[in-house]
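Scrolling down, you'll hit the structures one after another.
Shared between the two complexes below is subunit A, which pairs with subunit B and subunit C, respectively.
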Partner chain A sequence: MTTMTWETRHRLIVSLRYTLLILISAIFIFPIVFMVVSSLKPDLQLLRDSGSLLAFLPYGDVSLNNYADAFERVPMAQFAFNSIFTTVVAMFASILLNSMAAFSFAFLRWRGKALVLSLIIATFIVPFEVIAIPLLLVVNSLPWIGPQGIEVGWLNTYHVQILPFIADSLGIFLFYQYFRDLPDELVEASRIDGASIWQIYTRIIMPIAGPILATVAILKFLVMWNAYIWPLMTIRSEELRPIMVGLQYFFQLNTQWGEIMAYLSVVTIPVLIFYLALQRAFIESIATSGIKG
Partner chain B sequence: MIRAAETRKNAPLWVRLLVPKDAPLYQRNEAILGWLMAFPALLVLTIFLVIPFLMAFVMSFTNQRLVSPNPTEWVGLRNFERLLTVRLFTLEPERDEGGALVYDDDGSIAYPRLRNFTRKNPDYPELNGLREFTSWQSGENRTVILAADVVFLRALINTLIFAGVIAPLQGGLALLLALLLNQALPFINVFRAIYFAPVVVSMVVVSLLWRFIYDGQNGLLNTMLGIVTFGSFQPVDWLGNPYTAMPALIAMSAWQAVGFHMVIWLSGLQTIPTSLYEAAALDGAGAWQKFRYVTWPGLRNTAVLILIVIVIQAMGLFVQVDVMTRGGPLDATQSVVFQAVQRGYDKQDIAEGSAISVVLFIIVLAITIVNRYLTRDRDTS
Partner chain C sequence: MKKAMLTLTLVVFLVATAPMVSAQTELSMWYHGAGNYVERDLIIQIIEDFNASQSEYVVTLEEFPQESYNSSIVAAAAAGDLPDIIDVDGPVMPGWAWAGWMVPLSLSEGALDDFLPGAIGEWNGEIYSVGLWDAAVSIYARRSALEANDIRIPTLDDPWTGEEFDAILETLQATGDYEYAFDLGMAWTGEWYPYAFSPFLQSFGGDMIDRSTYLTAEGALNGEAGVAFGNWWQSLFQRGLAPGTSQDGADRETGFIDGRYALQWNGNWAGITALEAVGDDLLFLPAPDFGDGSTIGAASWQLGISSTSENPEGAAAFIEFAIQDEYLAAFSDGIGLIPATANAAAMSNSYAPGGPLEVYFALSEAQALVRPVTPGYATLALIFEKALADIANGADVQDTLDAAVDEIDADIEDNMGYGFDM
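Up next, the complex of A and B:
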């Protein structure tokens, strides 16, 4: 070691580090590669290949047949629409509701604010699973104004998949933290200039809330797109089901692995693309929510 | 200016309720708007979070079912007693008239049958209806753990083991990854993105995918282990074997979520000032000493946070069990939430499902309180 120059030693350490980083990457990438590659192979070849490293190579009888078969089994377009619809509506609504509440907590003076805020923070520790069953009873007895007048019971609708998730304490808290750290002069100055409170919210505060807005939107996107238990409990009819519930169609006695892999790829690849495109925002949003939550 | 003359006393009730005590009454607009802007979110949280949560508490003291011919009644703590009753019981061996031990045909000590004590035995009313959870030999006697609800007890213990193992495992691996990545080298962000990728993939998808990886016949894991050991590895049905099923779930869950906590460690690492490392280097500290005396003390807050977050997430173990094992084999992967959903939803026994939820909530609350205590302790020292 002593004969080595500092330069060579440094190079050795760096290349060791890269080797390690690449080996670890394999652990995280290979299952996903395996999923996509398998989705292109017929079942017989898929099962044969999984006995060797060929499992990771798209070769042989490669085709999109599994996708065609999977789309025949599952009304893919309908499910995709349902998921996109519920996700997008919940994302926009949660940004609006959470930011309005947080704005009120951060800038406005009203009685009971401190108490309400601490109650909201206390709800962090209630896991969704704890309330899932009573929530089912609640939504089953709520009224809704439909085309036939007032109906009771929200089961089997779009709104039962959206409304329970359009406000959440983590979202409020993340906005609140961000707003609280903004300089007070920002609000004071606009007030003196005669701006109304609503104008301060829409014209001054929200335009500079970009980073935290992305965080809340991304967290909501993940929750909504990956929703599984709740729609499983509340949705009966096929035309309202979201994309993850479609996986149930493949739990058959005679498992068609190629089709499953095709469907898994279809539901995962859009998320991965979205993630890779917004990678920095995604990771930073998790870092913020983790640190503060 | 009539409003200026208005005092707190003669202002309308709603004004007094909304405007803070120490604020001038002319701020009523601000107070009203404040309430209005917070109201939609508060309404949603109340209907869909607070009310169901309170309902879970209330229903856990009743015998409510989703559909039942009988009216719902208060049953006090009965649901909790049924879930949590656990007793230690010592079986004494059978003896002949001379007081000598009786042996079975296979040479082991013979004991009276357990059901003699647990089936309406007037001498042992407290054991009525209990079933054997586990037992072991202690001297001549056999000690038996009896439980009213052996499946729930198994689920509770499994969940605690799951949380207890995955917290240090996943937290530790995440720290190792973060330390590897915490250096300004080219492409480091690419690796960070790769390690984080499974976090954005749904747990349902991950579970289905890993069902294939863990398969006993064609599974990828067996294949890989076979290649690494040059074919000497005997294939294991990872999810079908009671001894490997839970470790398999733990490994997969850690794979999926480790990137999440790696990112939290990374942002913790970035709060440690580089001047500290430079000072340590000047003092001749090696890599381990730098970690031990600079990095680790700077990460203690992050460490507590990460452990708590992992434990709380782990207590909610459900999707993996639901998709991969349905609690089997031999209840080896039963979990608290899986039992809550099975009973509350599948069997429509809402009272029992709620009672399980309340037990889970109390455990999570206890963990959070311990966390608060630990964090406060450090802040003052």
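Up next, the complex of A and C:
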């Protein structure tokens, strides 16, 4: 009898816990369900349903027409290529550069290290919007070696979308935090064994930095994939535009809501895939951060 | 040997200079229509026709999405990288001209003689831009609903008076057939507020700013007429005649079509969609006259020349080419806006005599009043929008308008009069 009571209570607690978790997850899942379901409906039905639970049900005049129309309105393949290219290049370059910087802060001894690190961390409080115009003026006067020789000005290029975003104070900080929590003996033992700084970085530290690599990769991926203001300011040609700017193509005098939902559904898929692929390492990084080994 | 060298030198020289001799001057053009493939096809057709019509210039196009076009222009101006030909939203033009981003437009004499006034961008005594179309608003109504309630159908010459209109709204609301008698489109925030609602204020006899000096809003916005407008405006929401600032965007789109709103204040661009849904029962009615005449907003996207253009003559030649009636009519047929000339309207499908939107050309011709022509318009519009939203939500009318005037005047002072003599 006592066992039954305990089991019943346990089941009740588990049921309540799962109910709560389902409700919480619904808050996050429903917008995505709304987006995907709405992408299948014509505009008028989409708008009529939006005030009720019908918005989450694929019923009525359901079709893939919005996807076809969205692909016709926007050169989605070109935009997707541009975003994937700039995101992947920036992500790998950012991981390399920022991890090397953090390695230097964590393991090397040099004068002024603490001050420089403080200055880098202090840049957290400066939003991108504040430096956008000065940065625009700077990149517009920088030289670049192109097909025509040395050219001045980076506007309307791939590299203007990538280079300013490689060095990243948050990335440096996250790597630094992770490296600092590694046992000092790891580096000391390597040194005693005669490993060079480069060997310690490439063969000792980076192979065990998987969780933080995933975290920085995800954060950089999101920043680059969602790039909007900077491409608006620096890119003139449709051939170089990233995918998020394409979203603006649908806001006409009569906004095409169904096409917007279709476009967003397509745009969101890579983000979900990327996150799910690195989810385990990402969570591990968060769970272990701050724990001294 | 010497002769061979001379020949070789000559050949190299000719080859090297050949492109310079035959090359056309390139004119760059930025346009806000990315994503609108109908509009893109039309503008590309004009460019191809222009490029084929002469050998001196070749126009190249870069398209931007409308929602972010202004940001791209501002960034380009900061970088000193503006194109030769730009398009600009009518009320924004004075700001760009004042900032030195645009130069006056030199067209042939008489080129704009037949144009709707709203399609001509004039500031400081100079024409800076010209539009291929204009836009207009009207009251959407169902003939059957008006007749069922013994409401007369107003005309351009005999619009509803303010009192008459107010009584009509009460009548329609009292039927119980509608959630609201009048949908103003409060869900459409931003430029819709000054564009669509300042005409009511003007019809009361007020304005967003004193247009005689453009140096103050005192008396124009918060004077007797302004307060009368504010009281009427607030009463629409207090009496439950119109949905307020919390209106859902979806309700704005479907409320009238579904019959939940009796009347709707909407633009010509939504006319065809409404006609398809409502049919012949649909009427487009002129704005009511609150005492100082019926007024509607004017000025849409227009073409102009940037101040950094090295070939303003070529840019002007293209713009003059683009404003031919056949292109105005083609644009109207393609994107549904009002052709800028009567000839083009007669050539268009929707605005020709007997066309489904014919009334809009007359409305635009007779009632259009451009929004305040000042570089300070962008700030003015934001302040006006906030004041109207606050009043709709119950704020004290006089206090709100006084505060708006203070804010507008302070902005004008901060900007040393925006080029107007202080």
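Just so we're on the same page, the second predicted complex is superposed on the first by the 236 of 293 C-alpha atoms of A that agree within 3 Å, B and C clash if a C-alpha of one lies under 4 Å from a C-alpha of the other, contacts with A are read in each partner's own complex, and residues count from 1 in each chain.
Just so it is clear, a contact is a pair of C-beta atoms (placed from the backbone, for glycine too) under 8 Å apart; a residue touches a chain by one contact, two chains touch by 3 or more.
Fair warning: this is a prediction, and the values are worked out from it, not measured in the lab.
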Which of subunit B and subunit C A:Glu238 touches, first, second, both or neither: second
First, second, both or neither for A:Gly51, with subunit B first and subunit C second: both
Which superposed partner A:Arg73 touches (first subunit B, second subunit C, both, neither): second
Dominant contact partner of subunit A by residue count, subunit C or subunit B: B
Touched partner set for A:Ile197, first subunit B, second subunit C, both or neither: first
Contacts of A:Met100 with subunit B and subunit C, given as first, second, both or neither: first
Partner chain(s) touched by A:Ser83 [first = subunit B, second = subunit C, both, neither]: neither
Which superposed partner A:Thr157 touches (first subunit B, second subunit C, both, neither): neither
Contacts of A:Thr215 with subunit B and subunit C, given as first, second, both or neither: neither
Partner chain in contact with A:Ser39 - subunit B first, subunit C second, else both or neither: neither
Intersection of subunit A interface sets (partners subunit B, subunit C): 47, 50-51, 133, 136-137, 229, 233
Subunit B-touching residues of subunit A, taken from the complex the two chains share: 14, 17-18, 20-21, 24-25, 27-29, 31-32, 34-35, 38, 47, 50-53, 55, 97-98, 100-101, 103-105, 108-111, 113, 116, 120, 123, 125-139, 142, 163-169, 172, 197-198, 201, 222, 225-226, 228-229, 233, 244, 247, 257, 260-261, 264, 267-268, 271-272, 275-276, 279-280, 282-283, 286-287, 290-291, 293
Touching residues on subunit B, where the partner in the complex is subunit A: 17-21, 23, 27, 29-35, 37-38, 40-42, 44-45, 47-53, 55-56, 59, 177, 180-181, 183, 185, 189, 191-205, 208-210, 212-213, 215, 218-220, 223, 227, 255, 259-261, 263-264, 266-268, 305-306, 309, 312, 315-316, 318-319, 322, 337, 340-341, 344-345, 350, 353-354, 357-358, 360-361, 364-365, 368
Contact footprint of subunit A on subunit C as seen in their complex: 30, 34-37, 62-63, 65-68, 71-72, 75-76, 78-81, 248-251, 253-254, 257-258, 267, 269-270, 273, 335-336
Residues on subunit A engaged by subunit C in the complex (per definition of touch): 43-44, 47-48, 50-51, 72-74, 133, 136-137, 140, 153, 155, 229, 232-234, 236-238, 245-246, 248-254
